[in-house]
Amino acid sequence: MIGYIIRRLLTAVIVVIGVAAITFAMLHYVAPSPVYIVLGTKATHRAIEVWNRQHGYDRPEIIQFLSYLNNLIHLNFGYAYKFSQSVSALFKENAGRSAYLSGTALVLSLIIALPLGVVQAVKRNSPGDYAATAVNFTLYSMPSFFLGLILIQVFALDLGWFPPGVSDTVTSTFSAITHVRQLFLPIITLALLNVAAFSRYMRSAALDELAQDYIRLARAKGLSERRVLVRHLLRNASLSTITLIGLSVPSLLAGNLLIEILFNYPGLGLLFYNALTNLDYNVMIAYTLLGAILTVLGNLLADITIAAADPRVRLG
Amino acid sequence: MASPALKVHDLTTEIQLSRATVHAVGNVDLEIAEGETLGLVGESGSGKSILGLSILGLLPNGGHVTGGSIKLYDRELVGMKPRELREIRGNDIAMIFQDSLSSLNPTKSIGEQVAEPVRLHRGASRKEAFDRALEVLELVGLPRPRERMADYPHQLSGGLRQRVMIAIALSCEPKVLLADEPTTALDVTIQAQILKVLDDLEQRLGMATLLVTHDMGVVAGRSKRINVMYAGRIVETAPSEELFTAMRHPYTQALLGSIPRLESDASKPLLSIPGLPPDLTHPPTGCRFAARCRFATDQCRAQEPPLTGSGDHQFACWNPVEGPAIITVVRPTASSAPAGTVVASVINEPAPAVSAPSSNGSAPLLELVDVVREYPVTAGALLKRKVNSVKAVSNVSLYVNPGESFGLVGESGCGKTSLGKLIVGIEKPDGGHVKVNGEELFRKRGGELRRARRVVQMMFQDPYGSLDPRMRVRSILREPMQIQGIGSTKDQDKRVRELLGEVGLPVNALERYPHEFSGGQRQRIALARALVLEPKIMVADEPVSALDVSIRSQVLNLMKRLQAEHGMASIVISHDLAVVKYLSDRIGVMYLGRLVELGTGDDIYRRAAHPYTDALIKTIPVPDPAIEKAKTEVGIRGELPSPIDPPSGCRFRTRCPLAQEICAEVEPPMRRFSPSHQAACHFPLQTPEPETAAANGATSAAATGVS
Amino acid sequence: MAEPQDISAVGFGEDLGQGVALIPAPSGGLHQLVPDAGDVYATSSGWRLAWREYASNKLALIALALLILVVLFCFVGPIFYHSNQTLSNPLDQTQPPSAAHLLGTDENGFDELGRLMLGGQSALEIGAYASLVAIVIGTLYGAIAGLVGGVLDAVLMRFVDVLLSIPFLIVVLVLATKYSGTVLDISLVLGIFSWLVPSRLVRGEVLTLRTRDFVIAAQTMGANRRRVIFRHLIPNAMSVTIVNITFLIADSILALALLGFIGFGLQFPNTSWGDMLGNAQTYVTNGEWWLVYPVGGLLVIVVLCFNIIGDALRDAVDVRLRRR
């Protein structure tokens, strides 16, 4: 088990380095140097050259990459020229708020989706199942911002229960937590989107498990349907959903992006959006890397959880 | 006789599908007394499993009992409240299923799973339930149960898992045990152990047992009465002796006549039942067997026969038969030939004399010399290190003469399939030689290799996987000729039609896709494909084991006939000794990668020299109650050792009753018992021939042959 | 009722066919010991069966019909419904629906219904191109990895792992800062990062197919690699590919909408549904519903249709292959 974790960790490190290389190459191609943000687009050719030399942007790409990697190891993500701050400081400030939004939405969606998927599987082809499937499918096919817009229209503008966006009073992570009413719509939007994906998957995982012979044997033992579900089905069906949850960690970040833009919520997504429109090099690369690292971590956690929970994996 | 523990009367079960209703079980009556075993025999789709599930109310989705009654003593189960029924399930009536791997929850320890019904039905504490679980696991003969309680199902072998499943069923001492194909997924030696466990427990606990199976041999020895089901109906019910010797229903007669038997003369063809079972979404009016019955009359097709006959022996037939079919084959042209001449021998080429490689000095057609095949076991995620190897085939030597049929028999994991792949050249040996006509064909390359492939063709076990689902039958049969560049399109087409006729398929099959055929029909197509290139050798790996009993004999007879007609040598690989004996002149017995015995069908069956062969024969269930009931031994003890780390010396020694020290130290050489008969054992059951020249195995036997 | 039980063969030999043993049935006819194989039941080809299975799914049929309507609406609609989409008209700014403009106008005075058609064209085109790029790259890449195997397979698939770790939307956004504006640019950007999942699926399919008996059978007949690949592996792996195309189109259309919403859309006079929703927040607040819900609704319907069709196709193909 420990050997397995070490092996997986090593692979994860290799993947992260690979991702860093690809991200770096790609960004370098899109925006070779942050010089235009600093000096403006009208800067003279000469001034640009001087600035690039001063900040090391004239060196060969491979050297630039290695020095970037070196900084990365020291948790130095470079300087955000547009924001006139170090990227680390910017991220530190915004990460908490994003994590709060994503985390709440994830937990909420799991609480709804997992039981929903199982119930749908058990009562498959009932009117309730059809209705839930229809809603899921529609949500699944909906751009996140459009769902947000609909919710704003209904709950903020028509009913007036919640504010349509997050006000400027939300500055710290703590204030985000205390302004429940303001965060209600963003969290619900994000959660609903995840419910659609999770419950659809959970339903099919539970259906697969329900068709297994051990469910029949459990019934033949005289267990009540409830016990069959709780004692036998739930755990085994959840096992295959763990991978999906692991995979969805980074998509929460991307989902966050649009929701944060829509609701004007000051998190990492909004930061990235602003960096994007200004081509703020170091923020873009750091955000992309963060997404990749979260993916790798999500995968890793999922694999380890499965290894711990499934004796077939644990004991080989 | 005691009052019946379980009484089913006029039961009808239907399964509602999205677009049709399957009339799975209709008007079924049966009774089982305490301490009695009732056999329920039928092919797949006959409704026998649905009947079992109806009793427990565990029907698949859409299934429901539409009429009749099921009584446990005097409690009616049909229409009972789910709650009450749950109290009976696992407590008064328990069930054992076929597939122990998927029937046990993969993420719960076996101790928990056995204890679960005890806690549920007896309200036992955790501790009490675990004690009880330990007790039952001991009862079913799980070795070292205390340590195994914490194991998970995937850590146990199939046989041990089946014992666990029995333990679950017995944990609450049920009054009725429903065993649905309890041993079908197991090897014969393990099957014998499990059946023994069931027999013992049933007697000790006085349960009423319903034994559901497709295998006439399994029910023959252990049930007092047998019910035969066909297409959702019980067609015959009789005390088992009577059913086997004086059956009245043509289906029972045909079914028993179609099973290849160890003790019978392999030269007699098997009785075949033509066609396929009816589609139960639209069952035919009249007798459901009429379309396949030799005795069917207009009445049979119009009117469904009721169960009639004396109280003990009942059957549903308008034109009943009396006793088993006797097949005598007479050759009309050569009247001097004795009755019972082989079908095969009628065909132009006489079957070759069974002996060492052809006596006229020429080399055998196929020769394997010390063939070794090992599959690496790797570890590591990125860099695959070889840590060990599975010894699939270890130093096997044998030969096959032109036109001869050779059978290879052994349990799963004995390496017979790997050996088959080596012979057709899909895999290459890690050591030794595979020679065809004295040449190592598969060491060739390019065009030479392609031409060489014509000589050896193959038939596969899975009729669903061996035909490309996207090709029409015409293309499937033409492909070998296209690859080999034989004939014009017109010639190829002609040949395809010929072959289709030979395997008994209509011409309209040409434009069809494989999914439109039944399993038996697909196996015929596969056989035709193997014949297209007129190979010298055909390898058939478990050609009938995926087929239903009534379909098997069709394919077996066809294979036997066509092999002789085409003058091919054949190598039939099977776990079923009876099938191998029916098809083969000579038989090789494999155990854990080694060839342990080699001989004619009679050498193997009547004069087995190796204790493994002997035990194997004794454990094979024979569809004859007299033989089965006389059996007392369990056969082979214990489990198959791991092929990664096989026992030293003789690989069978860990399970052999005769094993001594030398068996662990010295690997036994092949010894000769007669010109055709060899076995590798230190303590053979027959007296070997005095000469020791044969000690080097088959090859030297070939060299010193009996010319 | 007793019938003769001794069934002795009377005919046996050349004149009665190829060594077929015959036994007389009591009814008088002859009965073959090697009987015919029974009837061959079904009569339809593989694809027809798949279509029948698909057609039995009412929802999938509705989705298909709806999709055809949308395609007609976008590409044929402009022929019947003329509207000015090139010159902005300040006098007609942001008008609610009227007889002249069935769905009103936007803030540049463009007719919203006409714009809907224009945006639909680019959505469907980009969906088709991007999925085509992805499926071609993905199929080739996956097939090569699966067929060659060994070290190359390991390296190729690790590369896919690495690329898959970078969230799709983020990569696309970063690239869109430089490459967006034309249909081709966006199609390429989307396509070049969508082939990863199909390549994995195709590789998996090829790996399973390689061990299937019918492929081994072809080898024993002497088929060379090329024949095995083109006659057996690729045709059988196609179903995975085809099913995947529909999901890829759905995803591409969604991604395009997000790009447009964020502001990396098509250049004027071209437009996409996402572009039209770029200021949706303001429209919603101002109560200009006709600028939000028709576009958004159509977008959801199209994506939904592709997803439903994909699901139904997968089931249909599964049935065709699994049917026994």
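Each chain carries a letter (A, B and C) given by its place in the written order, and its residues are counted from 1.
Quick note on the criterion: a contact is a pair of C-beta atoms (placed from the backbone, for glycine too) under 8 Å apart; a residue touches a chain by one contact, two chains touch by 3 or more.
Predicted, not measured: the structure shown is a model, and the values here were computed from it.
Asks: Could you pull out the chain whose C-alpha mean position is farthest off from that of chain B?
Replies: Farthest chain from chain B, going by C-alpha centroids: A.
Asks: Looking at B-C and A-C, which one has the bigger number of contacting C-beta pairs?
Replies: The greater number of contacts lies at B-C.
Asks: Counting only Cα atoms for the centres, state how far chain A is from chain B in Å.
Replies: Those two chain centres are 53 Å apart.
Asks: Give, as an integer number of Å, the spacing between the C-alpha centres of chain C and chain B.
Replies: The answer is 42 Å.
Asks: Measuring centre to centre with CA averages, how many angstrom lie between chain A and chain C?
Replies: A distance of 27 Å separates the two centres.
Asks: For chain B, give me the residues that contact two or more of the other chains.
Replies: 382
Asks: Provide the residue numbers of chain A that touch chain C in the complex, in ascending order.
Replies: So the residues of chain A in touch with chain C come to 14-16, 18-19, 22-23, 26-27, 29-31, 137-138, 140-146, 149-150, 152-153, 157, 164, 250-251, 253-254, 257-258, 261-262, 272-273, 276-277, 279, 284, 287-288, 291-292, 295-296, 299.
Asks: In the complex of these two chains, what residues of chain B are touching chain C?
Replies: Listed in rising order, the residues are 19, 269, 271-276, 294-297, 319-323, 325-333, 339, 343, 346-347, 382, 424-426, 449-454, 456-458, 460-462, 464-471, 479-480, 483-484, 502-506, 508-509, 512-513, 515-521, 524, 526, 529, 533, 554, 557-558, 561, 564-565.
Asks: Using the touch definition up top, name the residues of chain C that touch chain B in the complex.
Replies: 1-3, 5-13, 18-21, 23, 25-27, 31-46, 49, 56, 154, 212-214, 216-224, 227, 231-232, 235-236, 320-321, 323-324
Asks: Can you check the complex and tell me which residues of chain B touch chain A?
Replies: Against chain A, the touching part of chain B is residues 56, 58, 83, 86-91, 94-95, 97, 99, 102-109, 116-117, 120-121, 152, 154-155, 165, 168, 380-382.
Asks: Okay, in this complex, where on chain C does chain A touch?
Replies: Where chain C meets chain A, its residues are 158-159, 161-171, 173-175, 177-178, 250, 254, 257-258, 261-263, 274, 277, 280-281, 284-285, 292, 296, 299-300, 303-304, 307-308.
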